[in-house]
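Next come two complexes, and both contain chain A; in the first it sits with chain B, in the second with chain C.
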Partner chain A sequence: MSITFETAKQHQNDPAVLCCLRTKGTIISASDLEDPSIFPDLEESGLLNIPEHGLTIGQVLGATLERDADSMTPLTPELVSHISENQMDELESEKITTSPNTGEDPTHETQVIRFNIDKLVGQIELPPGLNVNALPFATTASKKAEDKVIRTLTQRAYPVDQVCVGAETSFQDKVLTIREALCEESLKADPLVKNVELDIIRPEDRHIYSNTIMDVIPIATKVEGILGEGVTHVMNGVIVVLTGVDEKGIQVHEFGSCEGYLDEKIRFGRPGSPDSEDIMIRVNVTVQENTGMERRGPFAAHKACDSIIQEIRDVLKDAPADASTDQKVFRDWKKSGKPRVILVKEIMGQGAMHDNVLLPSEPAGVIGGRRNVDLGNVPVVLSPNEVRDGGIHALTCIGPATKEVTRHYFREPLVNLMAEDEEINLAGVVFIGSPQVNDEKSYVSARLGALAEALDVEGAIVTTEGFGNNHIDFAGNIEQIGRRGIKVVGVSFCAYQGQLVVGNKYMDAMVELNKDPEGFENEILADSTICPTDAERALIMLKTKMAGVPIEPANRKWSQEVIDANEQLMS
Partner chain B sequence: MSLTTVRGLKSEIFVPITPSLVWASLDKPLSECTVAFCTAGGVHLKSQKRFNLSGDYSFREIPSDTPASGLMVSHGGFDNSDVNKDINSMFPIDRLHELEQEGFIGKVAPVLFGFMGGGGNVNKFKEETGPAIAQILKREGVDIAVFTGGCGTCHRSATLVQRAVEAVGISTIIIAALPPIAKQQGAPRITAPHVPIGSNAGEPNNIAMQTAILKDTLVQVEEMKTFGQMKTLPYEYRQNV
Partner chain C sequence: MNRDYKLLLKQHIGKPDSPCVQEGDWVERGERIALADGRGADLHASVSGTVIEVNSEDIVIRGKKPEHDLFRQLPPGELRERIRSAGIVGMGGAGFPTGIKLSQEISGGTVIANAAECEPILNHNVTQIEANPDEVYRGLVYAMEAVGAASGIIAIKAKHRQAIAQLEKVIRDERITVFPLRDLYPIGEERALIRDTLGILLPPEARAITANTIIINTETLSRVTQAVELGRPVLSKNITVAGRLRGGPKAQVLMDVPIGTRVGDLIEAAGGIDGDYGEIIMDGPFMGHSVTQDDVVTKTTGGIIVTMPFLQAKSPLGLLVCACSASEARMRELAKKMGAEVAGVEVCKHAVYARGSLKCRNPGVCPGQADRVLRLRKAGAGSLLIGNCSDCSNTVMSLAPKLHIPVHHVTDNAMRAMNLHLIRKLQK
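For the complex of A and B:
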């Protein structure tokens, strides 16, 4: 299929190959050439061999074909004459064309020059006293663009040095005590929960066996206002780790596993995982047999765990403001005059443990939220502050290296980076589920496209956790945004094991999350999830694409060197 | 306001294009064909070793005289509620025997296959598992092999094995809950009922639906004449998870 002038310009250094039969004497233009993006496949299947001395598209445009040649013929110096070295530059001048003026005043009939200008940025200053009505264009009053704060969230941090089990739940002088009877009482959360145990694991005691990790949950509570605004208290130096098994001893919630020794099965310090100095409160839940791979079993475990955390939240609410050692203030902005963008976070929504609670009453809680599976997996917009205040409780934690746990959303690097960036206006964070049924996948993707259009954004970053069937949604989500002319960047773990199962032409600016040397889901919790460096690559790629600067196509196979080279270019 | 940009950035993830064609035409009527069934949905005998849920390219031979009650699933890529209720929703072994008794097909192959395609290693499935299963099916004189996937990467693994089986001269078809994956991975023939992953062969305990999906799929093996064709089937089931 022939290509357009714009495509030729983009591929001016790629090989020139005829798209169709052309006769001797043809002056070669873009419409005579094949699209270079399909060459790798043609070469792989033996349909095309590009000789070393083949000419580039930039060289052949405007040159003359010296004899008849068939489609798929690579152009060489023997086949064409009048080859140019700087053909594309000359061709730029083709875009300046002349035409008779058909304006209203015939006495001024002359020729005008018409320019095609890709982009015009800046302003024209007019001298004082000028009659603006005489100008051939409308002027607008100069108005200084002002950034507005929409809402503010204050997070007060309370350090925890010691956690113990005792008669009453209390929090004083950096010591958290958890009431012993809480585990027994948490069985009431759901009849499928058969047993709950809790233990405290200090950083030096981590070489300890554990059932598979279902979630990592921060302890935080609202003191003033609702999720995303007001005041939240957060415990630092302590984290809840939920693990589970069924009555028959079979690991629950698994598609991949991080059952094993905690020090070996967690990549400490990732946004979602425990930090190296964190004390872990491990809540191990036993659910009714054979419910570990059904939606109800894992959810029951999360409810039981949340009921334990709630009692801790209640004592954290009473912590005095002056006992807090650190205070962070997060703001949701409306930034005038800066390009509007969205962050799309694709989350799992296939049932079983592939589900999430959106907007619970308490940060990172369960109660009060709605699950995306129940919402039909349609896109739901959260403000950056709502996400940072624990607006997502993840029920998904299988394929442990590539899934985003609750703590991940609490400290999501892309949300923070995009919300704080001075050059863009993050209009919102859109959560969209990955449904179980193929028809529903295209349904929700189409709604995402409509939402992006209605929000009038210029750019979007789409991320997905996991890999496999959700890549259908991932491709669909990117396509629905891209086809509306919105610049889009995709972010996912793919590498070797997760290589894409589907794709489309809008997926031309992609960021790889893999951290495993062999490119596998290595079953180390949170290893290949979004880290700050991935977030930076994604945002710079989006800005680059929005500015019209080309991004080179991907290699055919995953290689770490490409990622390293991109990071090098940014440093 | 200008944007900070970097020249020379390269996209980090390859976006695939459909692989080459593989095709074995069917040269006898269904009523004379030996039919096998293979699933990537993690089905095996209760007495066999469970699959490693984080990626496993081994396979289990399932004697076709095994009662449905002797089978189970080990798979974490989809909600197990439906297969726990009725294994035929993924692996319609009872329906196959009924089609043999009815004379709709010649006979059920003596051995059927279960593997767990979730997170599957592409090269292992392409170069080892697929050809190994193909050889056994060839030896048993199988004419048609019907596949189901399970989760997303299961559809990829199922299609890789399907292509290996087609390559030894057996006509194959996949009943796909996620047809875009089967299509992109190069499945020779595809039927697509409106079913969720986890009940790829139809609603649990709905014998009429399971039979119709299987029959329509087998008919398509006769009717499809070119590589990569897909037929949407008019059966819809939504799982109430």
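For the complex of A and C:
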């Protein structure tokens, strides 16, 4: 495919190959040449063999073709004449020129400093001792920028050593008791829920069969204030695992479900999964037959589970402050004078179990929130604290290894890292749905672009979960941000199985999330989701891009070595 | 023998005409039967006879094809009024009302008479020039006068030596020259013509007027002459009838076919269909569309081609859509007729949407097709159906065979019916 002059300039040292038949006497220009970025594909398909003595694009521009030559002909000295060796120099735009030294004492007060400016790039270093007040321009005012706290969230942690089922729900002396009748009562949450069972799985008893894991939900409750500020109580050492099946025994997932033995199907210790010492409260919900793949079925299961957790939250609210063993304080900052950036988190919004509850009344709850599908999947801004206080309740589904469950958002490493980073000002976390229909995808992407523009950010990180369909949104979201001149980094699972099917020129800084040795969605819960090291790579990538440092083009194929090398660089 | 002639109320760009006759009326050949609604072109009875049907889409006249060119004359009027009232439209296929085109002012500009006839098989424009070069020449002079042009160009393929010699013999005005064109598709595309004759490459969204130029088909010009000199409205069309006809593959030119003639009757007049056939194409192999024998000739009909039966495709097709050729919808229709699934669709890099349709950035100059071909292969195409111009088809043919991907072209069945070289590699 013929290229533009700008592309030719970028590829001046790459081989020159004709894109189409050109006749003898043609003065070769960029529009006669094939795009070097597809050479690997062409060579792989046997369409192109580049000879060793081939000429480069820089050499052939302006040269004359000596005989008719067809598409895919690499240009060689025998084929062209008037090869201009100077062409390369003319194209060399990054040459540094130094102005001659005036040979005078630069500190002398009365003299004039002469700059020979060919190009406004780089910086001018003034000699030490120079009286800057004598300069005809003002030096940058050192306005002291002050970081301001907008809101504070205190999380008090309460350890749980033992969980049992009993007559009343209570929480005392690190023992959580759950009322036996709760399961039966939770059926009232939704008529589609046909059966609810609850069991307690201690860390040593994990080799136990389970239906597919629909969610991992922390137990947390508001004690003071609203989501994102005030005080929240959280139970440590215990986690709710929601599993589901329909009356016919069909797993509540489309494909890639993770039913099986819990010790094999969970990557313990990921931000979203249970930790290795966690006691699991497994809530197994049976929904009405054939509703597992409709929107109402999975949501009913989440409602039933939430009604059980709510009773636990109510006793957790009364836990005395001094029984808390750990206290975390999260702050939303306004960091004036630091570059504004956003974190964009793509969430699934195709309906069925591809849905999320935004901003419930209780941390990681269901009641009081709005679902992103109902909101039309348009971007919604949360503050970092709102995310960390359980502002997202996730209804995840296919591809358990790459999907972000509710606990993931509760402990999102990228939110934490970006919120606390000293060099950037995280203006907000934007949640944008991935709709089913392509028209809707471009609609919401365009709104994201407008939002980024209105927020006047300099940089953005876009993350997505899953692969395939959502990569259409991923590419669209990055393009809408990138085309506005905002530096953007993409974070996704791609590897072997999830190779990007679409792309654009703004997708030049990508962070791979894969943790599977073969590059597959391996059906192990949370395996290839964002971990702290991924978050660090993403943020450094963004800072690098914002600083204008060129990012090397990605390899054609996924390679773990690139990730290893980048992690090596950071450590 | 009486026949029915169905005259469509919309044979031009713009709104359909409003009928001004009623069922049962007797109409004379040349009588106005429908009025332009706004920026259209009037419609006249192409035969004398009885109006047997008037509806929202057409007027049907039962009558006889005249033996002599007798007609009711247009009312007297100045040059532009005559052209307007004659109901002339762009007969190269575009159907833009000529009255409106020639009411523009291009003082100092150029009128280009388009005799490129770049669709393969079609031959009626060149045949008509050879039959009456002076009528075309005088039409060009009238058109130049109407728009205030300073010069005129008759653009015709260099290979038509006889037509060129005859034109040069009749040209008496030194402002008018003949410009020889290369034998490539789509050399007659408006912006390609302006590029080759005047050296100006207009952007896809620009019209010819941007280059102070008006482009007009040569048959249209002869109709201008007839309107101005004889007061003759548009009653008939010159048509190439070709393909699988009795008596072997041939391209016959039927002059002055009455507007509204049934396609089936026209084919019969040319000898009739010879055995099995694939489809009947109206107009050229690249841009034409499939019709039935009951469709009718309009003011823009250029060709009727009876094609070879379709070869059944053996694998899913990748469609490569070009701006100057069959639309994606037409290509999908062809894929269906070949019994093939469509694995993927790619549009040539040079094709961009402008003024309501795909336009080529630089008509007839290939931008390279390697990435498109690879993408189609990746989408699962086992063979390709392409609509590309000569130059781009040549590029595809230097790629696909190396990948062992068979190539079909939208023109194949028409070309095969005529025993012509298929549109593949450029012929040396």
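By our rule, the second predicted complex is superposed on the first by the 426 of 571 C-alpha atoms of A that agree within 3 Å, B and C clash if a C-alpha of one lies under 4 Å from a C-alpha of the other, contacts with A are read in each partner's own complex, and residues count from 1 in each chain.
Everything that follows uses one rule, which is that contacts are C-beta pairs under 8 Å (C-beta built on N, C-alpha and C of every residue); 3 or more make two chains touch, one makes a residue touch a chain.
From a predicted model like this one, the values you see are computed outputs, not experimental measurements.
Of the two partner chains, chain C is the only one touched by A:S31; chain B is not.
Legend: residue contacts after superposition of the two complexes on their common chain; A:G351 is shown touching chain B, with no touch to chain C.
Residue contacts after overlaying the shared chain place A:A446 against neither chain B nor chain C. Once the two complexes are overlaid on the shared chain, A:I200 sits clear of chain B and of chain C alike. Using the contact criterion defined above for the overlaid structures, shared-chain residue A:I50 touches neither chain B nor chain C, since it reaches no partner.
Touch criterion met: A:D41 reaches chain B and chain C at once. Between chain B and chain C, the partner in contact with more residues of chain A is B. Once chain A of one complex is fitted onto chain A of the other, the partner contacts of A:Q499 are limited to chain B, with no touch recorded for chain C.
By the touch criterion defined above, A:M72 reaches chain C but does not reach chain B. Of the two partner chains placed by superposition, only chain B is touched by A:R295; chain C is not. Touching of chain A by both chain B and chain C, each in its own complex, is seen for residues 38, 41, 45. Taken together, the chain A residues at the contact with chain B in this complex read 38, 41, 45, 121, 253-257, 290, 293-295, 337-339, 350-354, 373, 398-399, 423-424, 436-439, 467-472, 475, 490, 492, 494, 496-504, 507-512, 520-521, 523, 537, 540-541, 543-544, 546-547, 549, 551-558, 562-563, 565-566, 569-570. Residues 1-17, 20, 53-55, 75-81, 84, 118-119, 121-122, 151-156, 177-181, 184-185, 192, 194-198, 238-239, 241 of chain B are the ones that touch chain A when the two sit in their complex.
Touching chain A in their complex are the following residues of chain C: 349, 366-372, 374, 377, 391-392, 394-395, 398-399, 402-403, 426. Only residues 1-2, 19-21, 31, 34-35, 38, 41-42, 45-47, 70-72 of chain A touch chain C when the two sit together in their complex.
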